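As written, the chains take the letters A, B, C and D, and residue 1 is the first residue of each chain.
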C-alpha cells in the first residue's frame, strides 16, 4: 500500500502517522520527493482501513498495490476453477447454457420448457420461485411450490436446477436445488453471502445493479472466506443513463474478470437488455468475448402467445441461438 | 397507465392485447393517432407488469401515469408525517440532528461523544455496532457489545439511539434501539424491509448506492405496506464517475422527495463525501434546501488525534456547525 | 406527443394551456381519466419545446410518441444505408475494418502499418493528425504534416483514409481525406456538425463520452439536415463508474441502433477499453452482435517495442484478430 | 508520478522501461516490495503520457502524485482569484448573482427583466443569443440580433452581460459582451478554448455534461495556458441515472473545487434541475456550501404567463430568493 502525503506536512504529524502505521505491524518505507513524501507500507495491510487513511488531513491519496480479494484472485490461483454441478461442468474451457422461464408457473410449463431447452443443448434449468420485486404489490413468485415444480422438472429431465435465494432462513427449502443464485439486489447482502459460504453448493453470484468489478469479487470473497469456493460470477448489465435499454450490458467485464480471477464468468443477456430481440445478439457477443456460459430466459410459447417479444425467447428462438452460440465458440477459440 | 403501440401494428395483435388487458379488469380507451395508437388503461393498474408490457413486440412504450407508491405518496397524504422518537420529533417543520461515531468502540468513547453532541444540540445519538464492510477481512463492528454500549450512553444522556440492522434474525438484540437504520446496501433487501414493517419502531432508510428516488420510495412502501408507517428517508450520496469525492451527494433529491412524499427526509453528509472538511459545507447546503435533519459522524477527539481530518468531525467542529445549521434554518424559512 | 396533466388542475389553467397548444397549429385530444387528464397532440409537434412543456406547473410529464430524429430514422427509411468510400462499402451487409496507428508519426511508420493492415484485410486506414488532448501540455498531433503522411500512405496502398477533424476552419487541409471523423468530445459541437453537413464526404461520428443513443442520432441528424446523408455511427464506450477499464463499451447499442436507424454502426474497441489485451475479445463481441465494422488501433512494432501491451495491437495480433472476425461473421449470419 | 509494476516482471523488460523513462529526463527511484516493484518518477512528468504508461504490459497502475493542472491549481496560487467585470467582482469573498432569461426575445423583454433583476440585487445580466440545441429543428436563438438587444439592456441598466459563444468565428459579434460563456457541450471543444484564451475577457466555463472535476480544471487550464487567467467555473448538474430530475446538481463540487483551485466557482440551479420550484432550494444550498455566485434564469412574467412553473423564476420569485440568498450568506460566513 502506498500513501502519498500532502505537500508541506508538518514533521510532527508525519511522525505520528508513521508511528501509528508501525503500531499495526507494518514496515514503512519513506521516500521524500521534491514536492511530496510517499510512504510505502509493507506487511499485512489488510488491517489498515483505507478509507480512514485516505481521510486524514495530511494524506493526499492512498493506493492499494495489491488487490483486496485473495481467494478469488488469479494471481494466487492461476488455474481456472471448474465447477461441477452433478456432472455438468462450467469454467476452464467448459461452456454451459442455463435456460428457463423467468418465473415458474405450473408443472406443464416448467417441464415443457425444461425438455425443450435440454434438447437445444442447455446444461442447466433456471426458473424463479422467489422473485425480488421493486414493488411490494407485485407477484413475488410461487415460492415453496415453485421449488417443488423445479424439482419435478429436474426429475423428468435430469437437468440440474438454478434458482434465486433471497433469505438464508429459506435455505431448508432449497435442498433439491443445485445452484443457489444471489440476485443483483443482494450482491452486497453480506449476511446472506456468509451463510451461503457454509453451504456445500455452487453459488451463482450476480453483479450488483451498479456494482464495480472489485465489489463483485469482494462479494465472492465473502462466500469463499466462509468456506465455499464454488462461485460463478454473472455479468447482468449495470445501471447507466442509457436511454433505450434497461441496463448497459458490460461485456468488457468478461475478459477483465478472467484476468482478475480464476472463477467462471457467465453472461445474462435477458435481464441486461429486457427485450427479447436483443437477447440473441448480446448472447452471441458474450460468447465471442469469452464467457464461460449464458443464462437465458425462455418461455413456453403456447401459454404466452401474448408475450411474444418479451425479454424471454421462445424455445425455437433459443434453439437457433444455441446453434449460433456453438458456431461462435468454435470461431473464437 | 398509457400504452403507446408501434406504428402499423396488425389489427389482430392489437385486439389480442386489448382483450388481455380487459381480462385484468381494466378499462381500455383506444385513441388512434395519425401514426400511432395509444391505449389508456383505467382501473387498478397495479396488477399490470409494466416490464412485461413494455417488452411486447407491438408496444413502443408504457407510461405510468400514477406513481406506483401509494402509502408513501404525498398525493394521497398531503400532510407531512411527523415521527416522534421518545419525544424527539422529526419532519413537518421539526428539524433533528443525529450525531455520533462511525463505530461504537468503548463505553468512555460513546458516552463522551453522546454528552458532547447533546450539548451542541443533537437530538439523537448514532453509532455503528453491526458494520457492513465490502471486505470480509475488515472489522465488522462490536455487534451485541456495541448495542450494550449504546444503551449505556442512552441511559446516561437520554438521547434516543439510531443504529444499523443488517439481518432480521438480529432483531431481538435491538430491543433498546429507538430507530433502526437500513444501510445503502440493504435498501432493496426486500425480506429485511418486510420484517421491519412488522416492528413498532421508526426506520431510517438510506437511499441505495445507485438508487433512484422511485426505488427509495418503493422500499419505503415495502415497510409501510407491512404495517410500519414511520419511515425516515436519507440521502447519502449516489455512485457516479465523480473523481475527487467518494459519492455524489444528490441534494436536489431533498426538495424533490418532499414533493413526492410526506415522509421526513434527512441528509448524511459524512458518508456522501467521506472527507471531514466537506461535511460542514454539505450539511449547511442540505439544511438550506429543506432537509428535516442531518446525520453526522462525530468522533471523540482525544482517542482519535490521529484521525484528524477523517470523515468524522471533532466535537468542537460539530458544535460550530450546529450553530450555523440553526442560522441557515432561520435564513431559509 | 402526449401531455399528462397533474391531478386536480384548475380548469382555467388547463384551458389556457390547450389554447396555447392550438395556437401552435396542433390538434389537441383531451381524455379525462379518473385521476388525471391526458392531452394527445396531433400535428407537427417539432415546434413544441418539450422541456418548456414539461416544466409547466400543471404538467406531470410529456411523452414524445415519435422520435425527434427524422432523416436518421429507420421508420421512414427502412433500407440500410450503404456508404461507398472510393469503392470500399460499409453498411447493409458490407463489413469493413478500419485500422491504423493512434497518431501518425512518420512516413515509414504510417506506410508500414498501412501495408500490414491492408494485407490483413483492413478496408481503410486510420491515423490521428489532429489529436484532442485533455491537457493543453500534451502532444496535439503532427497536424498538417500528419495529413500529408496519411496521403502518402493512401497513394502507396490505395486505402481510403479516416482521420479526425476538430475545427471547421481546418477543412481545406482535409482535401485528400476520405472520411472525416468527429471525436467523442465534439459529438455535440453543433456548429462543426453543421459545417460537415455541407461537405461531400462520409462522416464517422463517435458517440459522446456520456452520450445517449438519442443524442447520437440527433447529432447525425444535424449533419444530415445540412445535406450530408453519409454518416457512420461509432460506439466507443461510455463513461460509468467502472473500476478496471477506462470506459464501458456499450455493445447493446449496436443492435439497438440498427433498430432505430438505417445508418451503419461500427465499434471502436481500442478507445473503449484502453488495453490491448481487451481489444480482440471486444472486437469479436462487436462483430458477433452485428456491427458493420470495426475501427482498431494498430502500431508499428519495431518502433514501439516498449509499448507492447498498449491499447494498440501489433500487426501480427491484428492479423490473427482479422481472421477470427471473419469466422465470427460467418458464424452469426 | 508513481508507477506500480506487475508482480514477477522480467528484469529485462523492467530495465527497458526505466531506460525509456530516464530518456525523458526523469529521475527514477526504484523500490522493490515483497510482491511488486514501484517506480517513483521525479522531474517534469508532464512529458509522460500516462495513458500510454498505464497500458504497458508490465505496468499495473500509474498514480499521478501532482495534479496535471498548473495555472488553475491552488497549490501554486494560494490566493483566491477575484475577477472584475466592469467593477462587478466575483470570487475571494465577492458574491455575484447573474440573472436573466433563457433566450433573448425582444427589447422590451430583455430590458424589463434586466431592470427587475438589477433591482433585486443581480450584478450581471445573462441571456441566450446563440442557443445550443440537441435538435437541428429547434429554435437556435436570435443570434446577432439577440446580442444587439443584450447591449441595449446593458446600456439601459449598466449591468455587464454574460452570454454563450459556440464558435470562435463569431467572436467579432461579441465585442460588447462582458463575459463569454462556454456551454456544457463545448467544455472540451479545445480549439474554442484556445481561442478564448487569447481574448481579454472573463470566461464563464460550464462543467461538461458528464465531466469530472479534473476535466473541468484542465479545460480552464487550456484557456489560461493561452493567456487568459480570468476563468469562472460553473457547476450545472451532471448526467446520472436520476429519475425525477434532468441532471444531478453536484454541490459537493463547490467546496472541492475551492480546495483544488483559486478560481471562482458559481452554481447554475436552473439548468441543473429544469424545474422552477427546485431552483430556489438549490440556489440556497449552493450559497450555503460556499459558491461565489449563482446564475439563474428569470423570465418576464406578463409575456410568459403560460410558462408559470418552467425552469425560469418570475421576477418576484427571484426577488424573494435574492433576499434569502443574502441571509444564508450571512449565516454561513
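Here is the rule we use: a residue touches a chain if its C-beta (ideal position, glycine included) is under 8 Å from a C-beta of that chain, and two chains touch if they have at least 3 such contacts.
Note that the structure is a prediction, hence the values are computed from the model and not measured.
Looking at subunit A and subunit D, the chains in contact with each of them are B, C.
Counting C-beta pairs in contact across C-D and across B-C shows that the higher total falls to C-D.
Subunit B and subunit D have Cα centroids lying 31 Å from one another. Note: centroid distance subunit C to subunit D, computed from Cα atoms, is 26 Å. The geometric centre of subunit B is 39 Å away from that of subunit C, both derived from CA atoms.
In subunit D, the residues that touch at least two other chains are 210, 239-241, 277. Within the complex, the subunit D residues that touch subunit A are 2, 4, 7, 29, 31, 33-36, 38, 40, 42, 60-61, 63, 65-66, 75, 210, 239-241. Listed in rising order, the residues of subunit A touching subunit B in the complex are 16-17, 20, 46, 49, 51-52, 54-59, 68, 132-139, 166-167, 169, 185-186, 188-191, 194, 208-210, 215, 218, 221-222, 225-226, 239, 246, 274-277, 305-311.
Interface of subunit C with subunit A (complex): residues 210, 212-214, 238, 240-245, 248-252, 254-256, 259-260, 272-273, 277-278, 281-282, 284-290, 324, 327-328, 330-332.
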